[in-house]
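The data blocks that follow each hold one structure.
What follows is a pair of complexes built around subunit A, which joins subunit B in one and subunit C in the other.
This part shows the complex of A and B:
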């Protein structure tokens, strides 16, 4: 497979050292006929001045200072973006800028700094709304992260609306954050949790899901892209089935929003959650998207300042959404920095990012599955099945912890080993733990190559003991 | 004087780290030195002082040679380690190349005496390991601590083996004195931060905690042997007299007694199954006509967590390991096989069966 060559939009800053690989691959791309996907791109690639088409990964690497370091004597190869992403310099600058020039509490003050902070904070909210095509920024509630957002829905909407015998449908592949809150709330309300298992392709069985949906179903809470299986669920279809019986749908979009275009109008979901730190933003901030009428009907989650209208000794009245669900001083700088991350991603363009990751993900899958004794979880990539750019896998006879430790200490390759906050899924698959390599648009083909070489070395090291 | 002192509260003394301190004040049976069982969070911070609660009694306890904790060095000197551990550290120091160190470590692990499955209990499991690690401790007849350990990960097994080899056969105070500093000397880049995921630190802590428990139990036993009778459970390592068994393993009511340890002759599974386990067996036998069938109740491994407590209804039979070899799996993918089994056990899954860990093969694949 040739290097991935992307058409360059008018991207102003192209550092010379970012182009070294792209230079060679560009001419190969021109002549090669196999890259039909990019022939259109390459023909119109004579865009800017002296631009050789470079892969997206190479182009953006200079924006991420953290990637340019050595660990344990080797160059860092960061393949754990599904756990958290790295942040470009503009996001760090935005955070620093906030604290340096206009830090002030929001919503309450009259003075200049406070007004500026409030403006920027609310602007960040608008950016999030636009990013996912919400109809109004009032439908965006800032939370600490996606986990808190799901808990918000569980405790606010769930406690009010779930009655004994009501059913909540999840899949066995959900992240713990989309299992435990429902367990807690169903204990309190008498609702029943039902789980969709996997089918032969190792994705949640949508046929079974359809069968499970009944008039008793009140909520379907599912992931968009799985952080272990890399599979993508047909949310639009699921929403149609759910709405037919009057059930609501919550989408855990943590692994989709950072990597592809997510349009809540198209999906027509009732709730959607995501975390900033997985999409080049800082930790400490995430959001819940909720349809206006739904949020209107929900009681408060946390109580305190900002979410109230009037406070008396014996009772209080509450603010309109989204304020109703934002008690206390928010993570102001972080929200603004999230806005900067969204700007950064939008300037590259989510479709471009997605396209790049599909190719790189396929490359990773291909190289990984070519190694003997490697078992990758989730569906096979194909024309109709696009995997997310990550692979959870196990090597026969080698514990993932050993693998990850050796990769880190001998090769500087950072992957994750464990259950990835998906214990039920691992139990279902019959394993205690797995290793996971996950990519983001700042990874390159060379990263994948380094990883595969390191992995082969690791496997042969441990095999020498057998 | 002695009686009055014994009945009053323990006095707190800050004792500097001196090798001869324990040698002089501890005589076995050590009535003079009573160590309150410490919770893991209370285990001594690994600096040069240990806080002990000392009952002043009839035993002749020499006042500690009180020299102020001076010392320019930050790490525990190698001489204070148990002799075996010193050897191990020196061996690793002599091996420079990191790969060779790993090879050495894994070599240790491979030669670790296997741990009997009956000891792979929750109380013996090291917290905070991404791999599974179990450690077991008991006294030999000289009241030295003997350790056994196991892990499913080679590197962790190697680390466990290091600790087992380095600490086994040593008396309790010597074991308690060991700080994890020596790991730095090994040069294995094992982080020493007490984070949740630090398996090595937690292994050492657990081993020290178990040593402490053995010590405390030993004290209680020698002062009140009658009360021990009721909780005395015959296990292979006890021999009449003062039995100091890791008491925790028998205290959980939802445990399924593993009777298999003593009579491991033939048969594919020797675990006494409860009613659910029997039903599972019957169903699988009837529907899958297996060539081999093992149904193992491992609910005890999960006895702690909330979903299990009080919800199972069937004496806590919530988690099972299944090994099935059957022609029925012919031509079916792994996922399909699992689905078959889940479908067969639907009723159980609805009524408190929590999870299954499944190995499903055809006869040809075995």
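This part shows the complex of A and C:
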């Protein structure tokens, strides 16, 4: 009777509509010790039952133990989620579980542990597919992160399809990961990179982008939400313009997938990339979404095991996508933990998360812009303009690195300073660096208040030395 | 040790000292001749104007201020003095304040020197370094930065190294500076990279000037070779295992700690 339905709730209950591929392996688990771990995992994500009067940020904070600490003698105020997000206990448990109870290489063995690991790994892929509404989980390629995903497209699709004189359109606000790979590939292929500048609202000029698109355009690679400007691009519109001339569109969704509903069918993009570590998942895993027919037509990126069909001495034949692009042993535990992160976010509901962040982001913007000598980059929020929940800014006469150092040392406030991997954008804005405070759904109004008070103290401290 | 109440002097000309009346909250204890009398005032000023947690170490830190470096003080001694001064500041905020004090004392840099050739690569902040060799063969440094804390770092490095012989410049290791970081106390990573980058640039460009000087004099190779080896030995010890000397002109500098996103 060992094998009978010891249905472990963790993966199923956290995602009400979870695809039930894993049930076979669930029901076969014999070790009762694993039960306690799973039940602990499931209880920590019950955020929906609390009263609505407590904000989302307050409700979920208990799931993030890392937030409950002091740094340099002050309570930690973590405002750097655009750099990396914190992970809820369920995600950490999922990673631990994997290594503790069923770690095994995937796609290879026929023994029990291997089958279970493979099932969970492929279940995670399905969860990602569902999360962004891909039509098939075969359209999800696991990579190390979004940067590797973009490089995959550049070296696989780009090298094959870009010819001399072909144009790739980017914006001046792109992250380095969506600039440098195209530079490398355009050097090899003779393609030309063209950049869309900002308009007077400090967002990429969509009118100019439309003008730039021509029959020579083969690819438009743009961010969805900017990690500096907090602006959101009208991807659907861009895709329509690009497809009209037969160009493909790659969407860098690193700052959008964690924060709002992203539906690749609605966007109709050809490629989309995101990183797990920005959406409550572990580092070391990210994904590329590519339309089936496109992935089918692409040659391999990295060569090795798993991506082959048959290997001979003088040639090899390659596997079907997504395996074709997943050489070697993948980050199995990390992918499974990403699946758990998706379950966690889905349980709360992406629309709810987005709504909360819009409100909190507006609050941050309001309080920050009320301070004297503070210049926030990107568009002003309005009825028609929704900013992401982050503010990159500079204070007159104060280097952002000095600012961030003092905020950390004296107030335990963690923000980021530098160019945020967007040097062309900073050059365009005429600054060398900026400070950035970025929020996620586990931040609260109190975090914003603490930050603003600390910032005011910082400014007066440095002013006193002038 | 010369503990006269005169202004502190450096090991070699010119004397870079503050003859300005002390500012309200930026009293630089090292340079002031009025330290004993103004001690209490300084502590009170800092506390009041900044409204910070009391710094129990401030008095002991200020007592270090009476230690002055007499003429002929070696680079290694100056380094020791500065390290012990910073080591006494156990509160990170006091290190920030001390650096900001020193930043105020940095000699200004000509606009003509603020060029990209003088930029120190690898820093998120902009740092410009102007390096010359004087007629005595000693290295003269001037620097500036758009960040006050980086200016403070530069001010300290210049106090240690300005007027030093080239081999003294080459003999300073970045580990020697780790005590003076402005980060979590005891950890080496935060901000120390500004030290490292500036130091490495000082050393690299010292090498270049020494080589040019030797070439100019039509001098023998050995001194240059020795210093060259000194640099590469250090570099080899810290960063590279290979014993072959390549042109590591970029890789002489440590990994750029600009992990911003």
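Here are a few things to note about the model shown:
Just so it is clear, the second predicted complex is superposed on the first by the 414 of 466 C-alpha atoms of A that agree within 3 Å, B and C clash if a C-alpha of one lies under 4 Å from a C-alpha of the other, contacts with A are read in each partner's own complex, and residues count from 1 in each chain.
Criterion: a residue touches a chain if its C-beta (ideal position, glycine included) is under 8 Å from a C-beta of that chain, and two chains touch if they have at least 3 such contacts.
Keep in mind that what you see is a predicted model, and the values were worked out from it rather than measured.
Upon superposition of the two complexes on subunit A, a steric clash is found between subunit B and subunit C. Looking at the shared chain after the overlay, A:401 reaches both subunit B and subunit C. Of the two partner chains placed by superposition, only subunit B is touched by A:202; subunit C is not. Of the two partner chains, subunit B is the only one that A:427 touches; subunit C does not reach it.
Of the two partner chains placed around the shared chain by superposition, subunit B is the only one that A:183 touches, whereas subunit C remains out of contact. Applying the stated contact rule after C-alpha superposition, one finds that A:99 touches neither subunit B nor subunit C.
By the document's definition of touching, both partners, subunit B and subunit C, reach A:461. Within the superposed three-chain model, A:82 lies in touch with subunit C and out of touch with subunit B [touch as defined at top]. In the superposition on chain A, A:112 contacts neither subunit B nor subunit C.
Of 58-66, 220-228 or 328-336, the segment of subunit B whose C-alpha atoms clash with subunit C in the superposed model is 220-228.
Under the contact criterion defined above, the residues of subunit A that touch both subunit B in one complex and subunit C in the other are 72, 398-399, 401-402, 405-406, 409-410, 417-418, 432-433, 461-462, 464-465. By the touch criterion stated above, subunit C contacts subunit A in their complex at residues 24-26, 49-53, 92-93, 96, 100-101, 103-104, 124-126, 146-150, 182-184, 190-191, 258, 260-261. Across the interface of their complex, subunit C is touched by residues 72-73, 82-83, 175, 227, 398-399, 401-402, 405-406, 409-410, 416-421, 432-433, 457, 461-462, 464-465 of subunit A. By the touch rule above, subunit A contacts subunit B in their complex via residues 72, 183, 197-200, 202, 398-402, 405-406, 409-410, 417-418, 424, 427-428, 430, 432-433, 461-462, 464-465. On subunit B, the positions that touch subunit A within their shared complex are 98-99, 102-103, 106-107, 110, 129-132, 152-156, 189, 307, 333-336, 338-339, 342, 355-359.
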